[in-house]
Every structure is written in structure tokens, then in C-alpha cells.
Amino acid sequence: MSDSKISVKKLHLFYKDFQALNGIDIEVRPQHITALIGPSGCGKSTFLRSLNRMNDLIEGVRIEGTILLEGSDIYSSAVDMVALRKRVGMVFQRPNPFLMSVYDNVAYGPRIHGEKNKRKLDEIVETSLRGAALWDEVRDRLHKSALGLSGGQQQRVCIARLLAVQPDVLLMDEPSSALDPKSTMKIEELIRDLKQRYTIIIVTHNMQQAARISDTTAFFLNGTLVECNETELIFTKPGDQRTEDYITGRFG
Amino acid sequence: MKITSDTTGRVLSTGAALVTILLTLAIIVFIATKGLSTFIINGVPVKDFLFSTNWFPDRPLEEGGPQVGVLAFMLGSIIVSLLAVLVSAPLSVACAVFIREIAPFWGQRVLQPAIEILAGIPSVVYGYIGLSLLVPFIREHLGGLGFSVLAGFLVLSVMILPTIVSMSVDSLRALPQEWKEAAYALGSTRWQTIRIVLLPAARSGIITGVVLGLARAFGEALAVQMVIGNTRKIPGSILDPVITLTSAITMDMGNTPMGSLWSNSLWSMGLLLLFISCLFILVVRFVVQRSEMSQ
Amino acid sequence: MKARSADKLATAIIWAGALIVIAVLASIIGYILFNGGKSISWDFLTKPAQVIHSGGGIGPQIFNSFYLLALSMLITIPVGLLGGIYLAEYARPSKLTGGLRLCIETLNSLPSIVIGLFGLLVFVNMTGWGYTLMSGALALTVINLPLIVRYTEEALQSVPASLREASLALGASHWQTIVKVVLPGAFPGLVSGFIITSGRVFGEAAALLFTAGMSSPALDFSQWNIFNSSSPLNPFRPAETLAVHIWKVNTEGLIPDLRRVADGSAAVLILIVLGFNLLARWLGHRIYRHMTAT
Amino acid sequence: MLNKSKLVAVVLCLGALLAVAGCGENDAKATAENKLSGNITAVGSTALQPLVEQAANQFMGGNPDVRIVVQGGGSGTGLTQVVQGAANIGNSDIFADEKNGIDAAQLVDHQICVAGMAAVINPNLNIDNLTKQQLVDVFSGKVTNWKEVGGQDQKIVLVNRTKSSGTRATFKKYALGGVEEATGLEEDASGNVRKIVKETPGAIGYLALAYLNSDVKAIKLDGVEPNKENIAIGKYPVWAYEHCYTLGNPTGATDAFLNYLLTDDVQKTLVPQLGYIPVTEMQITRDAAGNVK
């Protein structure tokens, strides 16, 4: 298991008195797509957000257990949160481009991390937009507001914005749930492409999506990790009755 | 570098918060120090100050001594501002409902901007209009001198309208759209929806607005002073002239030497105003807290 | 059927309420503009006021009003903005936060005359400045501050949380996120909030009677050295604003044409406040459109 | 750490700026070559303010190095500030001795002019003379209808100045012989009193002569008309000095300005224009206790 990118041990998460995660153990392999599935409220999004400490922003959240990113504990007090989030980026459910131009959106990350060189920025923006398979669609309107784009394009701007800070890990919280089927297909294609360079963890409601794109699938229920295995195995021979019930649509 | 800018930001904004708190405390401390000297230095019993109508700060000692009872001022302030709220509150709630529920287009395009303009009209101008239009009107058509409780609370009720309307509109806006849709889907009429679903749910916001309006009416000085006649007597009818704490302060402050009993008792009136507006805040907090608990 | 007619009746009553308010507003504004409109002329707007003779203008008063407003905003906006940022971004439920909210509510409901008294005591007497623009500006600051803090907090909170998260997830620090993402997003709201606040304090008189004074010494509009005592920009000179001028002319005026001056000043004041409101709406709308480029 | 010290520096700079801008006032002095220079602050009575303001403008025209700032605030404020040394000149409508809480012994009185006061009534009342006793009866509330003092059947409406007003103090002392007024409407400002008396049937109030116009009717007291001539020769008793007080004897520019106020440049033009009686034309004098010489 030493080749794990992320290794989570006995993770408990409390929201005030409510226990949202109960003893999660999971290993995430590098350059793989891991899908997290489960019914609403099962804790999969909460889990995702604890991987780059986004939960720290929420009042009353308490965490026990360890999360190791390449062997070092991300919850140790020595960790620079900013540096952590730079390495572990996140794409959200709804596209959330800033009220800026496409260019400024993508250049935002490099700029706040100190990049001032205009040529360098141009380069990063182009590479990132190409990486997000959006360059050809927006090259003529780089300096117009990102809010003028379609939902699918906006989501890809958000992905490009993330790529521009060169993270190792991409966390995606139902990235296509707010999009139409055509945009969804494009995003899925993109995610598959990105796998070659990034470790991707994706939360999805859509089981076909999980089956289509992921290598590993983890099934969450009521704050516990029921099982985690090769995607093919999960969808063909689930090891747990509850997993089978869920993927065959008997509940959730 | 990053950490430093973050710390600076946090320090600066916490500093601004502290400045605001210190400022408020400074106001309270300074006004209280000056205001309490009537009782501490001049030795006027609090009871005589609050519950007597004898206001003879200039009377020499041998004729019964300076007396500084402010009951007439205090009652005047209370009467005028309560009546203002009584007129203004129903009208304001009607306006808020109109803006949100009855005619959103007209309401938001015409009425709401119009009410915002009302908020921006300086109180001096209100007083001036009251003096030029309202006072003669009352004198000719209703009798009395025109300078009256009536003129005072009518002017005030217009002045506090924007406060109540905007608070009520905000709290109606904050209600989930689904509640309204659910009520309509159950076959309620618009009025039933408003009366049974919306108004009760928005109640705490509306009450907060009314109390803040009351506070504003209570503390208003110039507009009221111009139309109430300033007679140091407890009024017998709404056509009688009346006097308020604020008008007593504006009229006498400049003419009395600092440190004299007279001046001190004006500061005590200021303290009384401060005290009562703090009381209003507590009422608001209580209302909000109770409605939060009941939800 | 009964519910139906109750509905009709209630609707009619609410319409009536709205119409009454519009009628009151229209008659107030109409009255002022009708009476005062005819006395507004270029001379009236620029000439200095007269004490005994007729034909005075309100030039210095208009200047004073704007200058005082600018001075006070110069102090209030940084403090209020930071205070609003604290409440919207940093505040956790703590004693400090609770205290701050209570203080803001208290400040907001303080009668302006009490603020005037405080100003008289501290800014006028304790500092030894006397009745000056600076004393007035500080008193206005006390009135402004809670409004600006509230507008800032509201504007910042209206920026979707998802934008904050996006920025943080890119490794931006909290402060960078506030400066680069949240503040620009809140900008339209901030601008209109500030302008509406300006309109409010523009008409303030009660607090200024005791702080900025009621006299307007001769101003030398060719002297722009801020430290020269006859310079219009010197913040340590007494100054009478337009609202105070209306009060003074009405109460102590000796001039034979005081009706004309009072009516005209009221009309000018209303027009300026109206202008502030329209400007706030227009600017807020425009900035928003510019930023979203729709 | 660096940023904290930056913050401190900014605060210090601001403080210093305020201090620099704030000082340099209140130091009136004459320079060696007898050219007047310095700053004078005159604070107080709103009634006297226009006169001093206009005179100051004229004075500064001839003495460009002198800067005079005239502020209102009321007689009480003026006296307080001059005693505290916050102002060079304190303007007052009444003798400092008459104000409680002021140590008049430290102050030097400069009487600039005289303000006469008249009882005024609504122009529709058919009365133009009252005896002193009648006036006292009217204001003390003993008489409540005009027909009891020879007018038509009309209720009397009293319009008083606020208790702290110098006009009221003077009127009470010299017109009413110190008798306490009954409660009536109260206004702090002459403009409002005039407006109310003009518009309210049966109203009676009192105004400084400067505010008299056709809106209201000034009435004779014991047959004596309230005008400058009668006041100057001592026939009409309801008047008061307008005072400029200084803390100790004035020096330098302040002294020069106070002397200027007594020259013909002010006394013959500004004083009558503003409705006051020049102190130089008074044939009698009166002290704080009311003793006439």
C-alpha cells in the first residue's frame, strides 16, 4: 500500500453533536479515478471536503483520525493550509467562475501565488484551457466575462482555473450534476483525459457515470464506508448486500 | 508573505471592530458621566427628576430653588412617538405587502424607490413642511393652535415609514418561495396566504422594524420641535401643544453654561434618551430571540 | 365566496395604503420643488449667503455639505468596510462578535442629537478645536459607521459562498479571497450602499448644530492650501451645511427674503438627495452589468 | 510584526497631522512694527453673531494678517468657552452675572450695542397699548381673554422664548418685573416666534426690535412706543446690552477689534442695519442689577 497517493485511517468527523463520518479507511491510488457513490447524506461529499480541509471553514466541525497525503498528515498543525489546497484542488457541483474574464479566472491562481510575468501567464492560461479542452471554444473571447459562457463551458473554465495552479489531486464534487447530458459527456471525456496526469476523486450521484469513468468505486452509507473495490467488481459482484441493493436501485 | 497579508487583514478588520465597540462605549461613558452629574454633583434625587413636572431650572434658591423635573418632556416624547408608530406601522406593513405580494412590478419599480427617497429627505425639510402646511391646516380645520401632538406625530409617522417598510420588505423577501406556492396550491386566496402564512412568518422582522421606527421617532429632534409648540405641560388632547426631550435639549443647550445644574439636567435628558434607545434594542433582541426559539 | 370577498377587500385596502404613501411623497416633493424651484438660479447656487440684505445665495453651504460628507466618508469607509469584513468573514460566535453587533445596533438607534452632544463634548470641547468641519465630520462618522458596516456585511454576504470556496480551493489565502473575489463581487452593493448612506447624512442637521457650528466665515475660493485658515479645504474652520442653513434661516433669519432662501435651499437639498438615490441605482446596475458582461 | 509597526506609524502620522492643523489658533498678538496679526475666536450668542461676523469681515479687510472666526452656539456656550480660555471673545445677550454657573469676576465686559424688545401681538387684535400691570396679568395667566384688557373676545395665546433665552430673561425682568410667566408655547428662535404670532389668532409674544415687521403688531407699554429714541432716553425700559466678554483685559488684535466695534464704522452702519441701538447713542447706562444712571 506504499504506492497510495492518499491514505485515510480511522477518520471520524463530527458536526457539533452529529457524527457525519464514522471510521473511514481508504487508500487512493495515484493516476487513478476513484468514484464515491452513495445515497444523499451518506457523507461522501463531507469526506471529499475533508481531503483538502474545506470543512475547516464550517462552524463546529471536529475531525479525528489521520489523512496522509504522500505519507504526511494533512491535519498536522505544521501544515500550510494554502499550500495543501494548492496541491489538492477542488471542482464544485455548480460551475462557479469568478465575476471576471475567462483569462482572469484562469490566471487567478498563478497570480495569487506570485506569478506576475505576462508572457508566462499567457502561457499558463493557454495550457490550462487546452488541458480543460476549452481553448478552441474561448480563444476569441478570453477577455470577456466568464459568466457569458454556457454551463458546461463554465465548469470547464473552473477546471482550467484549477489546472493552472498545477495540483496533484483533483477533487470533484458532482461536477456534472448541474449540466445537460451533452455537457456532461464533454466533462466525462475531459476527466478521463486528465487521469493520465492527476489523481482524481469524484463524488457522483450517477451510477452510470461512476461505472463509465472510474477505476475504483467506494460506496458510502450513513457515514461509513461499506466497501471499496475495482469499479468492475463493485458493479458486477458487490461484496456487500447493501451495495447490491443500492446499485440495483432497491433504495436511495 | 501570504501568511503575513492574511494576518494583516485579520488584524485590521478586528481592529475596526474594536474601534466600533470602543466608540459606542465612549459615547455611553461620556454621556453618562455628564448626565449623572445632575444626581451626583447637584444632588437632585432621581425620583424628582423623572417623576416631577416642575421645570424651573432658573428659579433662585430662595423661591424654592432650581427644580428640574422632566416628566412633561418624557411623556411628550413617549406620546408623540407611540402615536406615530400607531399610524405608521399598519401603513408600512400594507406597503411592504404591496411591494412583495400584490403588485411586485409597480411595488419594486415605483413604490420602493419612492420610499427610499422618503428616507433621504432631511428632517429639517420635514419640519419645514409641517410648519408651512400641516400646522395651518390643523388650526383652520380642526381647531386649536395647530402646533400640536397631532402635527408632531403625523410628521414623525412619515419620517419613520421607510424604516418599517424596508425591514418588513426584507423579512417578507427572506421567506422561502415554496411556502407561498404551497399555500396557493392548497387553494388559498392571496389574502389568506398573506394573512395565514406570510405575515406570521415575517412577524419578527416586522416587529423589529416597528421598534426601530419607534426608536427613530423617539430620538428625532428638529422636525418635531418645529411643529409641536413646545409647551411644558402634559397634553390633554391631540390638538394641544406638547414638548419632547429632544426639543428641550436643542432649545436650551447653547444658552446654558456648561457645568451649571441647568446644563447638567439637559445632559441627563440626553442620557435618558440614550437609555431608552438602548431599551428599544433590548426589546428588538428579545423579539428576535423569541421568534427564533419558536421556530 | 366569503374568502373571495375578503381577498378583494384586503387587496383594496393594501392598494389604498400604497396609494396614500405615494400621494404623501408626491405632495411633499411636489410642494418643495414647486415652491423652491423658482428661486433656484445660478446666482443662488453660487453666491454667498447674506445676513441682513436680500439676494443671498447658498454657494458656501453647498460646498460645505459636500466637503463635510467627503471628509466623513474618508474616515468612515475604511473603518466601516473593515468592520463589515470582520462581521461577514471572520466573525465566529464569540463575545467580541456579539458585543460588536450590539454596539452597531446601539449606534444605529442613537438619536442624532445624542451624537451631537457627544460630539460637542469630545470633538468640540475636549480637543479644543471648537466648532469645526473636523468635529462635524467625526460626528457624522458616528452616524455613518453602523450604516456602512451593515451595508458592507450585507453586500459581502450576498456573494455566493461557492466563489469563496473556489478561491480557497485554489490555494488563495482568506484575505486574498476577500480582496480579489469577495469585494469585487460585492462591489455593486457596496457602491449603492455608500451612496445611499451619503444621501442620508447629507441632510443631517441636529448633530451638526453642536459640532460643525452655524456660521460660515468668508471663504476664499482661490486659496487651496489646506492649512490656510481661509481656505475652503481647511478642516479646522467652522462650517454651516445646507441642512443647518435651512434650520438657521427659519429660526434666526433676519433677511427679508427668507422664504425664498428657505424654499430654494430645501429644493436644492431634495434634488441632491434624489440625485444620490438615482446615482446609487444607476451606478450599482451599471457596474453589475459591466462585471457580468451580460 | 512589520505590519503592526506600520499600522502604529500610520496612526501616529495621522495624530501628528491633526495636532499640527489644530494648533496655531488662539494666539492673538501684535507684531513689532505695529502691524496687527493673529487669530481671534469669538463664540456665543446667535443674536449677536451676524453683527460680529460682518464687523469682522470689515476689520479683516483693513488688517489682512488678522483672522477672526465667529461662531454661534448660544450665550451660555460663549461664556463657558471664554472662561475656559477656549475662545478670545464670548458673546452674550445678558450680563455674565445673570448666568448661574459663570464666574463673572474673571471676565471683562465690553458692551457693544443695545437690543430693545417689544411685546408683539397678532395683527388682527385691536389693541395697541397695554399697561405694565395688564402685560403682567396677560403673561402670568391671570387674564386669559383679550376682552379683559380692552380687546375683542379672543382667547390669549402666549408665545414664550425658551427659558434659557436672553430675550426672555430681559423681558421677564424689565417688562414683567420678574413675575413668572404662565406656560405657553415655547420657541427658541425669533423667526419662529414671529411666524407663530403672525399666524395664530390671539397670540402674544416678544421680539427684539430687529425682528419687527408688518407681520406682527408691536404694542406700546404704558403708552410708550418701543423704539430707539425712547430706549436711548430711558423712557422705554425693556432692553438689554449685547456683550463681548474677554478673560481679563484684552490685548493685541483682540483689543484692537473690540475697539473697532465701538467706532463709527460699526456703530453708525452695521449696528442700526441689524436693528440694534448703538451703545454710543445711549443717554443712560444700566448695571447688571438693573440700576439706571
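So that you can tell them apart, the chains are marked A, B, C and D in the order they are listed, and the count of residues begins at 1 in each.
Methods note: contacts are C-beta pairs under 8 Å (C-beta built on N, C-alpha and C of every residue); 3 or more make two chains touch, one makes a residue touch a chain.
Model, not experiment: these values are computed from the prediction.
*Asks:* Central chain, going by Cα centroids?
*Replies:* Centre-most chain by C-alpha means: C.
*Asks:* Which chain has its C-alpha centroid at the greatest distance from the C-alpha centroid of chain A?
*Replies:* D
*Asks:* Using the average of all C-alpha atoms in each chain as its centre, how far is it in Å between chain A and chain D?
*Replies:* Measuring from centre to centre gives 79 Å for this pair.
*Asks:* Chain A to chain B: how many Å between their CA centres?
*Replies:* Distance between chain centres: 53 Å.
*Asks:* Where the CA atoms of chain A average out and where those of chain C average out, how many Å apart are those spots?
*Replies:* 47
*Asks:* Between chain C and chain D, what's the gap in Å when you average each chain's C-alpha atoms?
*Replies:* Here the centre of chain D sits 34 Å away from the centre of chain C.
*Asks:* So which bits of chain C are touching at least two other chains?
*Replies:* 125, 173, 176, 250
*Asks:* Can you list the residues of chain B that touch 2 or more other chains?
*Replies:* Those would be 2-3, 8, 12, 15, 131, 226, 250, 253, 258.
*Asks:* Check each residue of chain D and list the ones that touch at least two other chains.
*Replies:* Chain D, residues with two or more chain partners: 46, 72-73, 188, 192.
*Asks:* Where on chain B is chain C touching in the complex?
*Replies:* Within the complex, chain B contacts chain C at residues 2-3, 5-6, 8-10, 12-21, 23-28, 30-31, 34, 90-91, 94-95, 97-99, 102-103, 107, 110-111, 113-126, 128-129, 131, 133, 158, 161, 189-192, 194-195, 212, 215-216, 218-222, 226, 246, 249-250, 253, 258, 267, 270, 273-274, 277-278, 280-281, 284-285.
*Asks:* Quick one: in the complex, what on chain A touches chain C?
*Replies:* Per the touch definition, chain A meets chain C at residues 52, 54, 57, 59, 82-87, 89-90, 92, 94, 96, 98-100, 108-109, 112-113, 144-145, 147-148, 158, 161-162, 165, 171.
*Asks:* Using the touch definition from the top, list the residues of chain C that touch chain D in their complex.
*Replies:* Those in contact with chain D are residues 51-52, 125, 127-131, 134, 213-215, 217-218, 227, 229-230, 234-238, 249-254, 256, 258.
*Asks:* Spell out the part of chain C that touches chain B in their complex, as residue ranges.
*Replies:* 3-4, 6-7, 9-11, 13-18, 20-22, 24-25, 28-29, 31-32, 78-83, 85-87, 89-91, 96, 99-100, 102-115, 117-118, 120-122, 125, 142, 145-146, 149, 173-176, 178-179, 196, 199-200, 202-206, 209-210, 243-244, 246-247, 250, 262, 266, 269-270, 273-274, 276-277, 281
*Asks:* Per the contact definition, I'd like the list of chain D residues that touch chain C in the complex.
*Replies:* Interface residues on chain D, with respect to chain C: 18, 20-22, 25, 39, 41, 43, 46-47, 49-50, 53-54, 57, 60, 67, 69-73, 81, 86-87, 188-192, 210-211, 213, 273-275.
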